[in-house]
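Some structures to go through are shown next.
Okay, so chain A shows up in both of these, paired with chain B first and chain C after.
This part shows the complex of A and B:
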C-alpha cells in the first residue's frame, strides 16, 4: 500500500486538478464569503468524510508544511488520523497535533482554541456550503438571492427561533456576513467559535459533494447575524473542563456510565493536553 | 528560438508549482505584501515571477491575453508549449499579462456577473520594481493599512467600487509578487 501510494503525484491530486482548485481559491479570497464553484474530484474516501477539505489541503500543501488535522477538536479520531496519514504518505509532509506548531490545519467543525497567527492556513471541511439551502432548496434562487444581497429570509429564520424559543436557538453553522456583503455558512462549527472567524490566519472552506470553495482572508470582518434586542451570544456549556479546568474552552459532554454520570471536557484535545501538561488543573 | 520555447519550465512541477501557489495565495490573502515567487524562466520581457505565475495557474482551460510588447513569437511559443493556454483578445481572457499601460482599457476584461462574480479576469501587471510605499491600502486581508506603489489610483478605486464584480490584480517584478483583489480600498499615499 505504502509503495503504491508513492507512485501518486505529490499531494495525490494531478496538476491540472490542483491548478483548477488553486484558481478557485484565489477568486474565493478576492470575493470573501462567495461560494466559487469547482470541479470536485472523487477522492479515496466517501463524501461526508472531508473530500472538499482534502482537495483544498492537497492544492495548498508544500513539502515544508507541518500538518494538523482535527475532527470536532480532536486529533485522535478516525477521520483526523486517516487524513493526517494520507498526506504524510502522499505529500511527505511533517505532522503535528500542536496547533501552535502547525502551518496548515484541516478541521472538521471546530476552530482551535489557541489563537491562530499569520503564516497559518485553516482548511474547513464543509457539508452544506449554502447558508440559505434549508430555507430555499433551489440553487437558481439562492444564487439570485446572493446576487441581490437578499438575506431577509435568513433574518426571518432567526426571528422565528426567537418567536418559538425565546432566543436564537441556532447553535452551530450559525450564519455570518463576511466583509459586509455575503452571508456565509461557517461550516457546522459551534457558534462559540464564530468570534474566532476574525483571524490572522487564512481560512479556506471546501465542500466536496456540493462542489464549492469559499474563503475568509485574514483580518476580515465577520459578523454573526443577530438583532439589536437579541444580540449574538457565543455560548458553551456552563462548566469548567473536568480534565484541565479550563473555563474558556468549548466543552463536549461525555457520558461515563450507564447510570447517567457525565463529565464535560475540552473539545480541543491539544488545548486540553497542553494545559494538563502545564499543571493548569 | 525553438529551443528557448522548450526550456525554462519547472524542473519539478508538483513541488515548484505548490511553492509558487503558496506565494500567490499569501499575496492575494494579504494585499500589498511582497512575496518571492520563482522557478520558471521565459523569454524576455516576461519576468520570472509572471512566468512562474502563468505556469502555476494557466492551462488549456484558461484563455490568456498577451499585451503588445509581450505578444511576441517567442513568448507565444513558450506559453503554448508549457501551458497550452489559448491566446486570445482582452474580452475573452481569464488571465492577461503585460505592463500597466498596455493592459488598458480595463473595461474590456470580464468582470464577472452578479450571479457568478468569480468569472472575472485576473491581470498580471509587469512592473519595474515593487515597493511598499505609495498608495494606502485597506480592506480584507489587511490588519490596519498596507502600502504598495501602484501605477495609478483611480482605476483601482473604480474597480473596487464595482464590488462584488471586478478584476483582480497581481503585480510582478523580477521574482517579486504582490496582489490587489477587488476588495481592497485604495487611496493616494
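This part shows the complex of A and C:
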C-alpha cells in the first residue's frame, strides 16, 4: 500500500476535489452552524471511519502543517493510528501527539483538554450532522425547519426528557445553538466538552456519508440548549484521574479485574501524559 | 499500576499480514487467478461492476480476489478506485435498441419481431447440485447458430405506436452526476435511476418485492428483458466527431405497469425502467419496479405511504457502501459516549432512589 499511495496527489485528494471542499468550508464558516451539502468522495477507508473528517483535513493540509489525530481523546487508538499514518504517507506532513504543538487536529468524539489557540484548526468526524434527525427522519423537512428557525420540536424533546427523567437525558452529541441562529450537532462529544466549543481555534465538521460540512468560526457564541430552571451542566465522573490526579478532565472508566474493580483515567492521553511528566498542561 | 493500552500501529500491521494469509488460504492448493475469476465467476464480476459503477471486468475480478469473495468489500475497492479517476468527458447515451442480444424475452407477447431468445439462463434449470462439476470435467460446447441479422425492436415501442403506453419525455439536459454532486431532494428520475442502478441488489430486490406484496403495488409485467452488448460512442473534441470507444454488456428491463387514466385522459399503461452493467436480471427487474413505484407523484397516483414510494427512504438507504460503513463503524471504540451515558444512568437511578416514596 505504501508504494501505491505515492501515485496519488498531496494529501490523497485531487486539487479539483479539494477546491470543491474548500468552497464548502468557506461557506460553512460564513454561516456558522449551517450544514453545507458537498460532493463527498469515496475514500479508501469506510464510511463511518471518519471519511468526512479525512476529506476536510485533506483539503486544509499544507506541507508545513503538524498533524495530530485522536479518537476517544487518545492518539493511540487504532483508527487514530490509521488516519495519522494515512496522512503521514500521502501528505508527508509532520505528526505530533501534543495538542499544543499541532496546527491541525482531527478528532473523533472529544475536544482536547488543553485550550486551543488562534491559528489551530480542529476537524471533527461527524456521523449524523442533523441535530433534528432523530426527531424528524426526512431531510426535506429538517432543512425546512432550519430555514424557518423552527426548533420547537427540539425544545419539546428536551422538555419531555425532564418530565420523564427529571433531567435532560442526552449525554453526548448534546445540541447547541451557534451564533444565535442554527441549532447544531457538535458530533458525539460528551456534553462535558460542550463549553470548549467556544474557542480561539477554527472548528470544522465533516460528515462524509451524509455529504455535509459545517463550521464554528473562532470566538463564536455556542450555547448548549437548556431551560432556565434546568440549566445545562457539563458533567463528568466525580473522580480525579488515577494516573495524573487531574480533577478537571474527562475520564474513561477502566475495568481492572474480573471482580469489577475499576479506575478512572483521563481520556485525553496527551493531557494526562504531559501532567504525569510534570510539564505545564 | 495500570498502563493504558498501546501498540495500535503494530496490531494493525499484524492484522493486515494475517488477513493476507487468510486470503491466500491453503498454500497446497493452487492460487486463484484473476483471469479465472473474470472468466468463471462472471456474475460476481458483473455485480461488482454494476454496484461499483465502473465497467472494468479485470479490476472487478481483482477486487473480488482481494476481498476474499466478499462482494460488498470488492464493490468498495472499486468505488474507492473509481473516485480517483479523471473524467475525460461523457459518452453519448447508449442505444440499447441496437443491442447485440444474447438473451431477449418478453412476458407480454407470445411472439414478436426478433423472437424470444432464451440465452444462457438459470430460469429452467433444475436446482440440483451437479456433482460432475466437483470432478472438474470439461463442459461440452453448446450448439451454435448464426446470429439473426433482423433488428430486435423494443416491445414497448409496439404499445407506444397505438398510444397504449405512456410516452417518455425526451430530456436534452445532461443528467446530474450522483458521484460528483451531493444528493438533494426531491431527486429527478435520472438521479433516482443512478442511485438504483448502483444500489445494493438485495436492498433493491427487497423494495421491489414489497411492491409486489401490496406496499405500493403497481402490477408490473416484464414487457421486455434484454441482455447483450452495446457500443459506447463518444465525441472526441480533437476529432470533432464521435467514435466508438468500446462496448459494454448491459441488462435492460422495461416493465409495463397498471394503467392510469381519468375522465379526461384515456387509460394508458405506464412504464418502469431498469438498466445495469453486465448480466444482472434480478437487479434490472427490481430496479424497474422500484423506479415505477417512485413515479407516483408524476403519474398522479396516491402516496400510500409504502416504503418503495418514499424516495428519501429508498435513495438514502440503497447504497451498500454507505450502509455497511455506517453499520460496521459501531465496532469502533465508543467508550467516551458510553461513559457519558453510564454517568447519566447512574445519576438518574440515584435520583429515583433518593426521591421520597409517594
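We adopt the following convention: the second predicted complex is superposed on the first by the 278 of 281 C-alpha atoms of A that agree within 3 Å, B and C clash if a C-alpha of one lies under 4 Å from a C-alpha of the other, contacts with A are read in each partner's own complex, and residues count from 1 in each chain.
One rule holds in what follows: contacts are C-beta pairs under 8 Å (C-beta built on N, C-alpha and C of every residue); 3 or more make two chains touch, one makes a residue touch a chain.
Small disclaimer: the values here were computed from a predicted structure and weren't measured.
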item	value
Which superposed partner A:59 touches (first chain B, second chain C, both, neither)	first
Partner chain(s) touched by A:248 [first = chain B, second = chain C, both, neither]	neither
Partner chain in contact with A:19 - chain B first, chain C second, else both or neither	first
Broader residue contact with chain A after superposition on the shared chain, chain B or chain C	C
Partner chain in contact with A:47 - chain B first, chain C second, else both or neither	second
Overlap of the chain B and chain C footprints on chain A, listed as residue numbers	37
Chain B residues within the chain A interface of the complex	13-15, 17-19, 21-22, 24-26, 28-30, 56-59, 61-62, 94, 114-118, 120, 122, 139-143, 163-164, 168, 181-183
Parts of chain C lying in touch with chain A, wherever the complex brings them together	2, 4-9, 11-12, 76, 79-80, 82-84, 86, 179-186, 312, 316, 321-322, 324-330, 332-337, 339-344, 347-348, 351
Chain B contact footprint on chain A (complex, rising order)	9-11, 15-16, 18-20, 22-32, 34, 36-37, 59-63, 118, 121, 143-144, 147-148, 179, 181-182, 200, 202, 215-221
In the complex with chain C, residue positions of chain A that touch it	8, 14, 37-44, 46-49, 51, 71-74, 76-82, 85, 108-110, 127, 137-140, 165-167, 169, 171-173, 188-192, 209, 211-212, 235-237, 242-243, 250-254, 256, 263, 265, 267, 269
